[in-house]
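These are the structures, in C-alpha cells.
Each of the next two complexes has chain A plus one other chain: chain B in the first, chain C in the second.
Right after this comes the complex of A and B.
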C-alpha cells in the first residue's frame, strides 16, 4: 500500500496517532506529527512511497512537535525529535516540512555507517550512475532536478550510499531540495514538476521540495553501478564545459564530500579508491540547463 | 504509564535470547540501546557468541554501523595515548589511564563496543602543574575560559578543567583524585598511583590495579548525578567483575581495599545493582562481610526504587511516571555527596546569576 491510498484526513490522523511507517530507499522512517503542513507535504511529495507497517520495525523514529513552552502559541516553533531526543534548535513552525526533510537526512548520515556516505546527488541511466558531489551553491540539486525530468532515474539528490560489499550505489530516492533561484529555474524548465509550497527565510533561504518521478520511487530497491563522477559548477553566463578531472584530484574532492570517510578507516580508503577507479571523472561548468542535459545524454559508459 | 521491558539488560544478561526476538522487539532493543550508548556493546556480545549471522538484516545494520564507529574510535584513542605518553615523558611521568581508555589499552572486556568521548588520566597532585605545562606544550589547551570555572575546578574538583587538543580536537580530563576535594569521603590517590600496573611491557603507560579499577568505576557511577550512561557504566562493572572475579584472591582484596579507601558504600551499590540488573555473579560471602557498609533495609528499598529507574536506558519505553523524579533525586544526591550545602548554594548561585554575564 502506498501513501496515496490514504485520503488527506486519513493521512493526517495516522500521522497524529500511530504514525506513518514510510519506506524510502533502504530505510523505514516512523513519522509522527500533528502539524498539518507536514501532513500536506508528505501527502504531496511521498504519494508514491510504500508504507511498511507490517513488520513493526523502523530504522528511525521521528516526531515533529511544538515546544513545551510559550513558543507553542507565541510565534510558534517546531522541534525535531529523534526518538525522544532533540538534536537541533527549534525552527519557526512554518519550516516544519523542510525540517522533517533535513532531519531525515541527518538520521541517515549520522547513523548508517554500514554505507560509505557522500554528500552528492546520484542519477542513473541505462545501467550507469553519475555521482555529483558538490558544496552548497554549486548547482547540484538544480542540475539533478533537471536531469531526472529528462529521463534519468533519481537515486538521491543529497546522499550517495555506497554498499561496503559490492561498491554499488544504493538508492535513497527522496524529494529534491531546491533553493532560492533554482525553484523558479526548475518551474520554467519543467512546468509539470510538482513542488511543495515555498518556505521563506530558512537558514538556506527560500526552499521548496520537488516530487521525485514515480518510476524512480518504484525502482528504489535497484542498486546502480557507478560510472561517472561529475563535479558541477553553476556559473552565470558560462559556456557549457565538461573537462576531465585527474583521478587523484577527484579522489581528494570525493573525500571532502564524504560524511563518514574517516569513520570507515582503511576500508573507506579502499572503497573510495575502487569507486574513483571505476568512474570517468569530470568537472562540469554550466549556465544553461538544456545544454547541460544534452552533455549528460552524450556521456559514454567507461570501457573497462 | 507502565515501563516496558528493559530489553538491553535482557540481552546483556542473555545474549543468546537475541536470536528469538521479533522484529518489533528488535525495534525497541535498537532504540533503547542507542539511547543507552550500548549498540556497539550488543554487537560485540553477539559477535563473541557467533550470533551475528542469526540477526535479521535490518536491526543488524544498526549494530554494524555502531561497531564501525567504535572500532575507528578505538584506533584514534590508541594514537591519543601515544601522544600523551610522549608529552608526559618529557617530565618523566607515566600515563595512568582511567575508565574507557584504560579498558581499551589493557584490552579488558568492557572495552569491547564501548564509545567514550574523552581520555581520562591520573596525575600525582604534586606534579599537576608540571603535567599541565607539558600537555600545553604538546598542543592541549584548557577549554574553560571563565575565571570562575577555572577556580571552581582547581579548588573543589578532582580534575583540571577539560583540555582539548588544538589540532585533533580530542578531549582530555586530567585527574589528581577520583572524587572531588569537596566530597564527603577522601580516597587517597597516592595509594591508587602506587598500585597502578603497566600495560604490557611498557612501563610508561599504566592502568589502575584490578580492584582499584572496579572501585573507581563504582565510585564514579554512584557519585554521578547525570545517569544517562548509567546502564553503560553498570555494564562496564559487570564485565570487569566477571573478568577479574575468577581470580580467587580478587574478592577479598576488593573488600579490604574498599575499606582502606573509604569506598565500601559505592562498592555495595555497585555489586548490588550489577547483580540485580545484569545478573553479575557475586560470591555470597562478599555480601555477608559487607555488613559494615550495607545500608539499612529502608535505604536499600528507597535506592532500589531510584536506581531501578535511573539505571534503565534513557528511553520513553523504559520510563514510568516516577522516572523523572528518581533521576532528579539522584542528581541532588550526587551533588550532596560531592559538596557541602554551603558550597552547593554558592556554586549554583554563581552558575545561575553570575557566570553567564561574565562570559
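Right after this comes the complex of A and C.
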C-alpha cells in the first residue's frame, strides 16, 4: 500500500497517532507529527511511496514536535526528535517540512555506515549512473531536477549510497531540494513538476521540494552501476562545457564530499578507488539547462 | 637539516597507493588522511618504503627516472618533499 491510498484526514490521523512507517530506498522511517504542513508535504511528495506498516520495524524513528508552551502562540517553533533525542535546535514552525527532509538526510548520513556515503546527486540512464558531488550553490540539485524531468532515473538528490560488497549505487529516491532562484528555474523548465509550498527565510533561503518521478520511486530497489563522476558548476552566462577531470584529482574531491570515508578506513579508500576506476570523470560548467540535458544525453558508457 | 641524514617511513604508518597517469593518491592508515602526490613525491615515498635513504641518494635515484640531472636544485626539491612528508607524520629520521 502506498501513501496515496490514505485520504488526507487518514494520513494526518496516522501521523498524529501511531505514526507512519515509510519505505524510502533501503530505509524505513517511522514518522510522527501533529503538524498539518508536514502531513500535507508527505501527502503531496511521498504519495507514490510504499508504507511498511506490517514489518513493525524502522531504521529511524523521527518525531516532529510542535511547541507545547507559550511558543504555541508566540513565534511557534518545531523540534526534530530522533530516537527520542533532540539533535538540533528548534526551527520556526513554518519550516517543519524542510526540517523533516533535512533531518531524514542527517539520519542516513550520520548512521548508515554499512554504505560509503557521499554528498552527491545520483541519476541513472540505460544502465549507467552519474554521480554529481558538489558543494552548496554549485547547481547540483537544479541540474538533477532537470535531468530527472528528461528521462533520467533519480537515485538521490543528496546522498549517494555505495554498497560495500558490490560497489553499486543504492537508490535513496526522495524529493529534490530546490533553493531560491532554482525553484523558479525548474518551474519554467518543467511546468508539470510538482513542487511543495515555498518556505522562506530558512537557513538556506527560500526552499521548496520537488516530487520525484513515480518511475524512480517504483525502481527504488534497483541498484545502478557507476559510470560517470561529474562535478557540476552553475555559472551565470557560462558556455556549456564538459571537461575531463584527472582521476586522482577527482578522487580527492570525492573524499571531500564523503560523509564517512574516514570512518571506513582502508575499506573507504579501496571503495573510492574502485568507484573512480569505474567512472569517467568530468567537470561540467553550465548556465542553460536545455544544453546541459543535451550534453548528458551524449555521455557514452565507459569501456572497461 | 643534514642532507646525509636518512629518512624512513614512520613505523606506525600503513600506506595504500593508487595511481592514475602521473598522479598518486596515498592513504595513511595511521592518520586516516589521504594525500594527492605528484610522480616525484610518490617515487620518494615508494623508495623510502623499500629502505631508508638520505636526500642526496634519493635525488640520485629519482633524477634518471625523470631524465634530469640530480643538481642542487633537484636535491633542494627532494628536500622540500621530505620536509612536507615529515610535517605530515609520514616519514621520520632513522635512529642512528
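In the analysis below, the second predicted complex is superposed on the first by the 301 of 304 C-alpha atoms of A that agree within 3 Å, B and C clash if a C-alpha of one lies under 4 Å from a C-alpha of the other, contacts with A are read in each partner's own complex, and residues count from 1 in each chain.
Everything that follows uses one rule, which is that a residue touches a chain if its C-beta (ideal position, glycine included) is under 8 Å from a C-beta of that chain, and two chains touch if they have at least 3 such contacts.
Keep in mind that this is a model prediction, so the values were computed, not measured.
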Looking at the overlay, what does A:262 touch: chain B (first), chain C (second), both, or neither?
-> both
Go through the superposed model and pick first if A:55 touches only chain B, second if only chain C, both, or neither.
-> first
Tell me which partner A:246 touches in the superposition: chain B (first), chain C (second), both or neither.
-> second
Which superposed partner A:85 touches (first chain B, second chain C, both, neither) = first
Check the residue A:270 against both partner chains and state whether it touches chain B (first), chain C (second), both, or neither.
-> second
Which of chain B and chain C A:113 touches, first, second, both or neither = first
Does the superposition put A:168 against chain B (first), chain C (second), both, or neither?
-> neither
More chain A residues in contact - chain B or chain C = B
Is A:47 touching the first partner chain B, the second partner chain C, both, or neither of them?
-> neither
Residues on chain A lying within both footprints (that of chain B and that of chain C) = 262, 265
Contacting residues of chain B [partner chain A, same complex] | 22-24, 26-27, 31, 34-35, 56, 58-59, 61-62, 64-66, 68-69, 71-72, 75, 315-316
Once bound in the complex, which stretches of chain C touch chain A?
-> 14, 16, 18-21, 23-25, 27, 29, 32, 34, 36
Touching residues on chain A, where the partner in the complex is chain B = 26, 28, 55-59, 61, 83-85, 111-114, 260, 262-265
For the chain A and chain C complex, residues of the former touching the latter | 246-249, 251-252, 255, 261-262, 265-266, 269-270, 273, 276
